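Chain naming follows the written order as A, B, C, D and E, and within any one chain the residues start at number 1.
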C-alpha cells in the first residue's frame, strides 16, 4: 500500500529545518514513502502552516510531520487533520498540549537551554556574571522563549513568567536584544549590549548563527576571551565553532533523527496501526539533547566536539 | 486703496465684493491688498500679466484658497469660505483654469461631483444609492441646452474627450448649477477658434439669464467682445477698472503691463 | 454623427466627416481587447479560470474537487478581506503597509478583552473592531490633516501597531479551547456549512459579502465616486467641491474596520489568538490588489479585480503545493506571477487603448 | 531689478515695481527656514546632531565617546550603502524592494565561488558584483523596456532573487574561519583601523566614499542631472532629448552593483556568508532614504540626506538600547521617528516655501 | 494626395518634408496619411482645430513619436527618428506644447539637458565633470541676446519661474541650438500680451538668421503677423496650404473648421 506524508517546517531557510527536510526525504526514499514538503514564510508564521495542513488533508496523505511555529495556535488545525484520519507527528517542538499530536519526536527546548545554563554557571565559577541575551524576535516565538527561560533556570535566575522573557529583574542580566536568528542580527545585538555593559562575560545566543555574529562583535573590540558564548542547535558549523573555542558550549539537537523517526512512525502506523512509545516519564519521544563542549564541567553530562561532529547536521 | 468704500459710487450694490485681500505663498505675494467688485447682471473681465494673481484672486473668492487677510462680501453679507464646497453652496460656481474634472469618471459623474442625486425611497435613503438615470438625463439636457457639444455617450470617461469637450463639460457644470455667480478662469485658453466662439456665446446666454459672470482671459478680442467692465490686475492688486466702450484694447494692455499709468477715475468706471 | 465607436476622437470628429475615421474594421482580437479594456476585472478573472483548468488537468481530481476548490476560498479569505480594504486605500493613490498590524492588533484586543477583562464576547468583538477603526483613524488623520505621504505614515504605524500588539498582549497566545469556553463568538467566522463536498466557512461568506458591499458602495454611491475622484486627481476633486480630507479619513477608517473584521475572521480561521500572526499580510494584500489590476497611482481599479487577484495567488499556492513543488520554487513562481500578471494587463490596456 | 530674494516671483516682478514686493522684513526664523529649504540634507543633519547631544546628555560618556559614535557608523554601514543605491532609484520616482535580496544573493555568490569553485578570492568578488549588477539589469529592463511600475517589478524580483539565493546556496552557511583560510579578501571590509578610541572599519569608509562619489556623480556630471530630470518629469526629460530608458537602466544596474558591494561588506561585518541575513534591508533602506528627506515622487532629494537618515536610525537604535529600552519599545520609537522626521521636514518646507 | 511629388511645384527643395504620415492611438487616428513641407528660410504656420493632430504631426517630425507609416525627409534625404535626441542631433530643435523642462533643475541645467559641456582635461574626460561656469555663461548670454528675460540668477530652479519665463527658457534653448529647423508648438498659449510680443519678435529674429520655423498656434492675429505660409490641418491631415497675404483670417478659419472647402490650388501656395 502506498504511504504518503507531509513535512511542514517553520521555515525552509534555516539550515536546521533544511537538514530536517533532507533527513525526511532520505528516509522516505528508503522506505518508499511519498513525501511532500512545506514551510512557513518566517519563524512564527502560523497561518501558512495552517494552509499547509489543509493542503495535506486535501492531498489525502497518511501522515503529517510538523515543527509548529506557534505551538498553541496550530492545535485546531492539527485536530482537523487527526479527525480526517491522518497521523500527526510533532517534530522538534511539543505542541501545547503535547497530546494534541499523535506522536512527538522532540527535544525539550527548555531542557536544551537549561543544559547550557548549568554548564555556564559552573564554567563561570565565582566570577560575577554579566549576561547578554541574544533572543530571536520581538514577537517572542515559543522556541525562543523556552530556550531563553531554560537557560535562566539552569543558571539560577528567577524567571518569573515562564512564557516570556524580559520580565526578570536579576541584576546579572545585561539586557535582551533580538537577532532574527541570523549573523547580522547577532552582531548588532551584541554590539548594543556590549555598549550597555562592556564587562559582559557570558552570552546566551538563541542559535549558532546568532552566536557567530556575536563573536564577530566581541572580536572587533578584543573581548572574545573575556566572554563565553553559549548557544543551541548543534549544526556542523556550530560544533566546529565550539571546537575552535568560538562558542563555549552548545546544546545539540538531532533533526535528522527526528525526521527519520517521524517518517518511520507514519509508515508503521499505516501498516500496523501502532504508534511509538513515549520516552519513560515523558509524554513524548525524546530524541535527546547533548551538550557539546570541550570543557566539560562536573555534574553536567556532555560530549566532546569530536563526538559532536560525528552527530552534527547541516 | 479705498478699502472701506463698499458702496462705491454706483447706485446698485455689488453682488460679490472683496476688500484688501492679501495672500502670500512663502515669499511670493500673490495678492497684495487687492479689491474686487462684481455687479448684478454684468460680465466682468479680469485681465493681467502672467503671474499677476488673477487665478489666486478668484480662488480666494471661490473658497479654493483662504486669503491671509481681507474681507469678502456676498450680497453685502460678509462670508468666509474655507472650501470650494461652501462657495458652491452659496451659489458661486467656478470654472478653474485647470478644469477640475476627474479624468477616470464619466461625464455625468463629473457634472454631479459632490452633489449627486440619490434614488427615491429606501434605496436612496438607506443604501444611499445614486440615481444614475436622472443624473445622465440632466447632464445630457444641460449639455445640449447649451448647444455646446454633441456627445453620444454621456457615460463615457472624461479622459476620452478632447480638450475642447472637457472645457465644455466644466463650463456646462458651472452654468447648470450657478445660482448667483459664475467665474471662468481662461475658459478659452486651450480652445480652437470654433470652440472659443461657443464659449463666448454661452457667456452671453448666461448673462441673458441674469447671472453675473467673471471672465479671466489673456485674449483681448474675446474680452472686448463680451465684457461690460474690465478689472485690470497688476502685481497682485487691482490697479484700474475700465469701460471697454471707452478704452482701446491697446490702452488696456498698456495699463496692464505698466507702460501707461492707470486713469485717474480708473476705479470709478 | 456617430462617434460612439471612437470615444477617444475629440471635438474635431463631431462633424459629418467623422465617419471616415470610424470605418476601420475591427478584428475579433481587437474586439476582445476592447472588452477587456472596458472590464478591468476581466483579465484577473480569466487568469483564475485558466489556472484552475490547467492545474485540474495536471493534478486531477485531488485539485478539481468541490472540497479543494472551496478550500482555496477558505485559505484566501483573510487576505481577501484585508485586500478589499487595501483596494480602497490604493484607489485613493495611497498605500497601507499597516493593514496586517491592525488586523493582528484587533484580534489581540478581542482576545484580551474576552479572556482577561471578563466582558461578554460581543463586547470584546466590538472593542476589537473599534481598535481597528482607531488605528485607521490615526493613519487617516496623518495622511489627510498632516498631509504626509501614506507610504511613510503606514511604514511608521506598521512598526508602532506591531509593537503595541506585542507589548499589550505580552506575546501571549490565547488557546482555542479557552476561547470556545469563554467567548465562542470569536470563532464565529470559523464555523462552516457544507453543500455536497463543498465547505464554506462564514469567513468565506464575509469575504464575498464584503466585496459585494464595497462594489456597491464604490459604484453606486456618491462616496464611491468621491473615492475614485480623490485618487484620480486630488486637487481637481477638491476644486470640484469634494471634501477630500473627509473622504480620505473615511477610507482609512473603513479600512481599519475591515482589518478589524479580518482580525475577527483570523481568530475563526486559526482558532487561537496569536500576536505573531499576519506579519506578511500587508505584502499579501498589496500583491492581490496589484494582480487584480488596480493602479498604484490611484483612481483606476476594482474591488472584484482584487478578489480575483487574491484567488489567483490562492490557486497558485495550493496548486503548486499539490504538485509537490518546493516552497522556494513556489515563492519564485509567485514572484514571477506578479510580474507576468501586471505585464499582461498593461499589454492589453495598451493594445486596446 | 533685484529679485534674487524672491525667486518664486514670476515675470510680473521683473519691472522696477518688483522691489515693492521684496521689502518685507525677514525674521531670523524665516531666514533659517529659507536656509533649510535650500539645503535638503540640512534637516536630517540637524536631527542627527540634536539627537546625539540629547542622548549624550541623558546617557553620558557611555554614549558620548569616540568609540560609541564610531560603533554607530559601523552598525549603519550596510544600510547606508544599500540606501545610497535606493536613493538613486527613488530619485527616478521608482522604488526597489529587492535591494536586500540582491545584497544577500551577491554575498552568497561570492561565498559559493570562493569555497566550492576553487577560484581566487577576487574572482569570487567579481562574480558576486556581477550577480548584483545582473539583478539590477533585470529590474531595470522590466521597468524601462516593459514599462512596469518599479514597485511591482521589485515586489516580484524580491521573491525571485530571495528564492534563488536559497535554492542556489542550499541554505548553506559558510563559516568565518573557512573564509579566512580560503578567501580572506571577502573579509576586506570587516578590517578596521583606529584613531584614538575611534574605530573605523573599511565598510564605514566604503559607505562614506560611496556617498561622496554618488554626490559627485549626481551633482557634477551630466548623468546625475539626467537622473534628477527623469525622476522629475520623465516625459519632459524624454522630449528634451534624454534617453530616459538608458538612464533608468543605468540607475538600476548601478544600484545592483552597489547592493553587490553591500553584500561584500556584509560578509566583512558578520564574518560568515549566510543566506538568512539581510531580510529587512529593503525596509531599512527605504526608511533611511525617506527620513533623509528624499521625495518618493522622484526628482527631489540628496544622497547626503540619506546618509544622515541612516545615521538617525542608528543613533536612535543604539541610544534607546543604552537607555535600557525594551526591543519592543525601540521598534515603536523608530516607527514614530519616521513619521515625526517626515512631518518636520514637510513643515519646514511648507513654511519656507 | 500626391504622396509621390516630393519636388512639388516650387523651385527650391523643401528642407523638411513628410509624405503620407499616419499615426493611430488605439482607435484614435491622430495622423491620417498627411503631408508636410517646410521650405528654407520661411515661417510656416500650422493651424487646426483642437485635436486635429498638429502636435502629433510635429512630434512625428521631431522623433517624439514614431509614425505608423509614412516617410520623412530632411534636405531630401530620408530620415527615421526614433527619439527626440536623433532629431536634435540632425539640427531640428522643438519647443513642445508642454515645454519639456525639468522643474527641479536650474535654468542652465535645463538649457543644456542632454548636451552638457564637460570640463577640459582629466576632470572632464575621466570624471566626466560638468563645466557649470561655461554652461551658465552661455545660458545667460543666450537669454539676454534674445532680450527675452532679465533673470538674475541663472542657477535658480525652473519651478520658481513664472509661466512666461519658463516659455522663454524653452524658446531660448531651441533658438540657441537649432542648426536647421525650429519647431514651436503653441509658444504663446499661456503667455500674456507683452510676453507673446517678445516671442513673435524672436521668431522674426530667428528668421532673419536664415533658419526656417514651424509655428503652431490657435492665435490668428499672431499667425497672420509672422507667417509666410499657412498649413491648414483638419482631421489628421493637411487639407490646404494658403498664403496669408492673399487669404483673410476668417477664410482660413472657415477652411480649418470645415465651413468652407479648401481652395482648388490650396496645396500649391
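By definition in this document, a residue touches a chain if its C-beta (ideal position, glycine included) is under 8 Å from a C-beta of that chain, and two chains touch if they have at least 3 such contacts.
Computed from a predicted structure; not experimentally measured.
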Reaching chain B from chain A through chains that touch each other, fewest steps: 2
Farthest-lying chain, centroid of Cα atoms versus that of chain D: B
Furthest chain, CA centroid comparison against chain C: E
Chain centre separation in whole Å, for chain E relative to chain D (CA means): 41
Approximate Å spacing (C-alpha centroids) for the pair chain A, chain E: 72
Interchain centroid distance [CA atoms averaged], chain A/chain C, Å: 36
Residues of chain D whose C-beta touches two or more other chains: 8-12, 166, 326, 328, 331
Overlap residues in chain E, where contacts from two or more other chains coincide: 48-52, 162-164, 192, 195
Residue list for chain A, restricted to those that touch at least two other chains: 12, 138
In the complex, chain D residues that touch chain E: 1-4, 7-12, 14, 216, 220-223, 225-226, 228-229, 232-233, 235-243, 299-300
Residues of chain A that touch chain D when the two form their complex: 12-15, 18, 138, 166, 175-178, 180-184, 186-188, 191-193, 195-196, 209, 212-213, 215-216, 220-221, 237, 240-241, 244, 246, 314
Chain D contact footprint on chain E (complex, rising order): 64, 83-85, 88, 94, 96, 98-105, 109-110, 113-116, 118, 127-130, 149-150, 152-153, 156-157, 160-165, 192, 195
Touching residues on chain E, where the partner in the complex is chain B: 48-52, 162-164, 189-195, 218, 220-221, 253, 256-257
Residue ranges of chain C touching chain A (in the complex, touch as defined): 62, 65, 67-68, 71, 74-75, 78, 162-163, 166, 170-177, 266, 269-280, 317-318, 321-322, 324, 326-328, 331
